[in-house]
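In the two assemblies presented below, subunit A is common to both, partnered first by subunit B and then by subunit C.
Entry: the complex of A and B
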């Protein structure tokens, strides 16, 4: 069995995380598995509409926007999913009668027909990227208390048998696939993962396949958790982000250098 | 002393008189040795030297009201005897008309909509809207609280406000050495600044944005270069 770029069955595509600092929200982050990227923003606790007000806890609202067209059934279903799997990880009782609003934007076309083969869909990978981006945006905002960190990965079973993590076009059409989400907590060096959600679909086989897929996903989600931890360290211990330009003449020279540095930084982010 | 923690990380905080600051939660352990302390935010875990006070230091843009904090608010509405003030939290705060130094029923302050006030949060409970006071609770004197006239309001992150209130921080003394200025720092991410010339006010505002850990994250040398570029 061979995968694109020599990937192992348990290996994810390169993860890129960045904290965008969007202007009018409280926290934002971008997450991608290789080319499958999602951007998410969090605002909250903010004022809530009287109709959605809850007297004992904050209302969590998730909005998912696809790359093109208005949000339709698929986006609304994904939004309901993300809301369901993030709710157990948030402590919403600290801020009753407020709203925590998460807006997630998929940065690739999602659903089937997104590549050469109309039967291959990247919906699971997009779901996983949206969940991870939302978790990162919540961590970036720092205003909603959390019980743990939710990480998600997509798993599929290839037609030739083996289970693979983060399936891409090179794995071909899959006869079983889905996304698993785990909530991570840590006690010293001991990291605990609890499965909080899955949409695993399989045509044939028994529960053993589901258990094996979940186990495989748990290991891969641990890699996502480790990447998130490393990037949050970078978010917390920051270095100067802007370069002050002393004079207009030097400014042109330094701007060109800064653009090159930015290009290199984006490539090196891992 | 300082380690980066994510939410859900158990913190080894043990002390006879343990005090938990922001970002930490005590969970009662069911069937374990005892209650465990868990972090609820991503940030740097800090503790006092004797291990009695623990907290997670993190940055955020959204203000959550807490009692005894000084904030800057803008009057949005006159309600009966008092005012509704926007302090950047989920709910507007209420400021009673008599909560000013020397205010009586006949002599109430005449604040217009859009005025800025420097006030102290006297009540902040999660189920009630926050309440403000414009005097010190013990002495009943204004102690600097009250309406602030003129000047300019700068928005920044919460950590920047905490840094500006720290007497050891470099920014305000550095600016104050170059030109006279007044500043009122609110814990809710707002700073009111005033100086003689508009270009000085603009310089202060740009410097605050540049030093903000959420924005430019400049250090002292960078600020000096920035001030040189702004011709201050």
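Entry: the complex of A and C
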């Protein structure tokens, strides 16, 4: 079976992660599977409107904006989905009566009609990119305590049988597809993944297909988690806060720098 | 939620430094932030940033039936909604004052100024025309989103290529981009927008391309849209500090100069991007 660019069934398109540093929001990040990119920003905990205030926990608000046209039903559905799958991973009880606002922007036209074949839709890939970008933005903001990291991948079943991860136009029309989201928790070096959400749709076949797809997705999501982990280390610019005076005392300067490094290391474990 | 007003020390510091013609980000009073244009894979996708202010523009085209009162013209619609991504003070569904100003200004600068020729968008009179949709997303608000949006929108329209259409009698054939090279929109002229902020103290000179703090502390704002051929499209002054004619003419002359520079930057950038793409095989 041949895929575009010689990809294996379990291989994702090249992942690109960048932290935009948008002004006036607490955290922002961009995530892409090859050309399918999404940008997400997180503001929170911030002041909440009285109507949506919750006395026992922070209110999570997710907004999804498509690339072209005004947000419509699809965006609202995707926003509700993202909100549902991010809620278990966030510890919202720490900040009652506040708002955590996540805004996700799709950077490619979503839905069908993209490219040459109107039957091929990249909705699952866009969903996965939006979820991953939102996770990265939450990590970038560092202001909302998290239980785990949610990573998502799209899986599809080609007409000629095999299940493939991150399907693109080269895989042709799919007869079953969906997006899987996993929450990764880490205990020292031990990483555990739990499936928290899926929108798998299949025309024919039994539960075995769903289990196989989930297994395949779990491995690929592990790759996404590894990419996120590697990139977050580079997210923090360690600029020593001390000013080196004209006649520095070498010893005190080195001590303060080392303390800062240790501080950074502790924050990195998640 | 509206952010609190700038504090008194911020206000006093800004005013006293502006009196000495020193801006907080080190620019001269009549210096704009260098625009950085990033083009995407698709034609018509541009991300424009002026310092930390960022706007994303995307253009797409669809064939539709024209309006009955204008059967020979295509249609251009501009969507520009500010999301809370720009700042949490912008609520979805409720247009703030600034959003209304930006929408109206974009309409005047990009549509009413006839920058894009609508008659060239006609395919079959009375039956099929191109509907060009420009969507602007405000990613980051660090002051002067209007200029950034106008620039992003204009560059996106110049960058966009629509599929080639062949009309034989009553039959319309749309050629895929792989068969025939897509063709650019017919652009009459390229308007650019420049915003100047004025302060209530007459000792403080006006500044171009205000930052967030300068915009909030300004007493009035003047926006000029013009092209590199010294033709004024829009001059908008929504209340604020009274200005006499000499000041306004001085501002217009400065804007003319900036428009020429910006035009060169945009052309150079478009050419650079075009050289890196394979759109035509000759």
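Note that in this section the second predicted complex is superposed on the first by the 236 of 270 C-alpha atoms of A that agree within 3 Å, B and C clash if a C-alpha of one lies under 4 Å from a C-alpha of the other, contacts with A are read in each partner's own complex, and residues count from 1 in each chain.
The criterion applied here is as follows: a residue touches a chain if its C-beta (ideal position, glycine included) is under 8 Å from a C-beta of that chain, and two chains touch if they have at least 3 such contacts.
This structure is a prediction, so every number in the text was calculated from the model and none was measured.
Colleague: Return first, second, both or neither, reflecting whether A:69 touches subunit B, subunit C, both chains, or no partner chain.
Modeller: A:69 sits against subunit C, while subunit B stays out of touch.
Colleague: Touching A:219, do we find subunit B (first), subunit C (second), both, or neither?
Modeller: In the superposition, A:219 contacts neither subunit B nor subunit C.
Colleague: Let me test your reading of the model: by the given contact rule, A:103 touches which partner, first (subunit B), second (subunit C), both or neither?
Modeller: In the superposition, A:103 touches subunit C alone.
Colleague: So in the superposed three-chain picture, is A:27 touching just subunit B, just subunit C, both, or none of them (first/second/both/neither)?
Modeller: Only subunit B; A:27 stays clear of subunit C.
Colleague: Applying the touch criterion given at the start, work out whether A:46 contacts subunit B, subunit C, both or neither, answering first, second, both or neither.
Modeller: In the superposed model, A:46 contacts both subunit B and subunit C.
Colleague: Return first, second, both or neither, reflecting whether A:143 touches subunit B, subunit C, both chains, or no partner chain.
Modeller: Touch partner of A:143: subunit B, not subunit C.
Colleague: Quick one: is A:94 in contact with subunit B, with subunit C, with both, or with neither? Answer first, second, both or neither.
Modeller: It touches subunit B, and subunit C stays clear.
Colleague: For the overlaid complexes, name the partner, subunit B or subunit C, with more touching residues on subunit A.
Modeller: B
Colleague: Of the two partner chains, subunit B (first) and subunit C (second), which one does A:187 touch, if any: first, second, both, or neither?
Modeller: first
Colleague: Quick check on my understanding: which residues of subunit A belong to both its subunit B contact set and its subunit C contact set?
Modeller: After superposing on chain A, subunit A residues 21, 43, 46-47 contact both subunit B and subunit C.
Colleague: Spell out the part of subunit A that touches subunit C in their complex, as residue ranges.
Modeller: 20-25, 28, 35, 39, 41, 43, 46-47, 49, 63, 65, 67-71, 101, 103, 105, 107-109, 116
Colleague: Can you tell me which positions in subunit A touch subunit B when the two form their complex?
Modeller: Going through subunit A, the ones touching subunit B are 21, 26-27, 43-48, 89, 91, 94-99, 139-143, 145-149, 183-188, 228-229, 232-233, 235-242, 244-247.
Colleague: Which residues of subunit C touch subunit A once you look at their complex with the stated criterion?
Modeller: 1, 40-42, 52-54, 56, 58, 60, 79, 81, 83-88, 92, 133, 135, 137, 139-142, 176, 178, 212
Colleague: Spell out the residues on subunit B that touch subunit A in their complex, using ranges where they run on.
Modeller: 4, 6-10, 12, 23, 25, 38, 40-44, 58-62, 64, 89-91, 126-127, 210, 213-219, 222, 225-226, 228-229
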